[in-house]
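Quick one: structure below, then a few questions.
Going by the order they are written in, the chains are A, B and C; count residues from 1 in each one.
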Amino acid sequence: MLLTLDLVGIFVFAISGGLVAVRNQLDIVGVVVLAMATGLGGGVIRDVVIGAVPPPAVADWRYLLVPVVGGLVTFWLHPAVGRLERVINVFDAFGLGLFCVAGALKAQEFGLGPAPSAALGMVTGVGGGIIRDLLAGRIPVIFRFGELYAIPALAGAAIAATGAELGVAHGVILAPAALVTIGWRLLAVRRGWRAPVSRLEPPADP
Amino acid sequence: MLLTLDLVGIFVFAISGGLVAVRNQLDIVGVVVLAMATGLGGGVIRDVVIGAVPPPAVADWRYLLVPVVGGLVTFWLHPAVGRLERVINVFDAFGLGLFCVAGALKAQEFGLGPAPSAALGMVTGVGGGIIRDLLAGRIPVIFRFGELYAIPALAGAAIAATGAELGVAHGVILAPAALVTIGWRLLAVRRGWRAPVSRLEPPADP
Amino acid sequence: MLLTLDLVGIFVFAISGGLVAVRNQLDIVGVVVLAMATGLGGGVIRDVVIGAVPPPAVADWRYLLVPVVGGLVTFWLHPAVGRLERVINVFDAFGLGLFCVAGALKAQEFGLGPAPSAALGMVTGVGGGIIRDLLAGRIPVIFRFGELYAIPALAGAAIAATGAELGVAHGVILAPAALVTIGWRLLAVRRGWRAPVSRLEPPADP
């Protein structure tokens, strides 16, 4: 179950990474590398931190194959894609939801409490996108002003971690948890919802 | 003892990260995330490298709570802060001193020799700030021309590692070691001391 | 054998990092730090991922000394160097070849299969250069359009991993594998060979 979730998350994140690479006019190697970094980055960080080494992302050839395919598919099919930024956001939202939940559940399996599991789930979800944006020279989406990104991620991870802590089966909790993140993120993008923003102005630096 | 040192270091580094975020006009989520990355980054790198996984920064909720509080405090109180860059430098210097020493002592506890412990202490100290500056799109402070940053960090870490190697109790060595780093760094900032700089000009690239 | 390979790779990568630092007009501390990050980064990532902690790069003082010497040598001797970019490319190619092979062989020793070993060898080879370029604010060489970088790296790592899997002694397989990467990379730079590039234009983002 977690395997499938992980692989689907890797695939959609790989596509989001590939699309960013295409947008930056990288060549086919750059597209595949950025797809791999985006798809595998968050999970590798999670696995290294909880001590699950070597991570499946490195030791299991299926984990390597999936993002390579995602990158190649993106490279060959992208001319069919009209508005890249919106499509990146959709794939990224699905990757975010799947990874937050898978990350939180795996951390909980490794004996972490609910709060740390939720935090690590969020890191798993946002890690790949941060690596993608750093490598591509973009402002990481999590830091864009008023962007609702980290909060939906934390919400889904917290639901999954709390559910698992209360003994709910993984197969039962993962779909609603992931849907909270995905739905909230997509609605925020589509409707222009904003994160809570201070009414205070930052002072000018003299 | 190391726990308190770690938590205080995390708190002051979190504030330095939060202030950089405020200066970059990030929203409340961005401020908290950058505060967490700055406060926890160096310690997580150290713990992953020495095999102390899962790191307390991930598995212990107090380590999560402290930088969140640091970020929120920064966000709400920053209008009281007049000159951001100077205040960032002060908090950063304290975080640097505390982390270099705590990092060196923890590495030594895990069986590393004095030279590796000093090096890893320095990495612990500068790691959070490098992550902060990379995420915020600033030149990492450690790479600014003539900036006295890595040398005071290495000095404090080396004093702590040498002292621990010679059997001095952690509680005795940590204060003087941290004060060397903090004092040297603050004096360098205030008095404009510079790192040794080559008299040679780098050749122009043809 | 792997130790010598590692140390030579660290030395040449350290020089490439030091030259990038010199080109960016960093001071002596910045040159040494960037030399260390470039020389040790790829190997630390590999060791952390396969669970070989603490990595020799951290626990063994020789691994610390070599990049420091590489950085200092670069700093003091660079005025003798006429055309920095070309020289960076030469040292980088040697580091790439040595690290890809050493990384693949070490991963194989830790029980990974040939495909994961080849992939991790490539990551070991390109990791230090990516860290160097991120810290220096350059576009990572692996993402430059049409640059033949990742493909020669993967080729050498794959030859080494396949050879080791078939029972060829490390001492026999490493030289030809490294030479494939180094030669291919150097010829690509000198003759202007390009990575396969799509004939499709990326769509403009509306």
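As a convention for this text, a residue touches a chain if its C-beta (ideal position, glycine included) is under 8 Å from a C-beta of that chain, and two chains touch if they have at least 3 such contacts.
All figures in this text were calculated on a predicted structure; none of them were measured in a lab.
As for how the two copies chain B and chain C face one another, under half of their interface residue numbers coincide. When the CA atoms of chain A are superposed on chain B, the rotation angle comes to 120 degrees (nearest 5). Chain B and chain C, compared by their mean Cα positions, are separated by 28 Å. With touch defined as above, residues shared between interfaces to two or more other chains in chain A number as follows: 48, 134.
Within the complex formed with chain C, the chain B residues making contact are 48-51, 110, 112-113, 115-116, 119-120, 130, 134, 139-140, 142-147, 149-151, 195-198, 200-203, 205-206.
Looking at the complex, you find that chain C touches chain B at residues 21-30, 33-34, 44, 48, 53-55, 58-61, 64, 75-76, 78-79, 81-85, 134-137.
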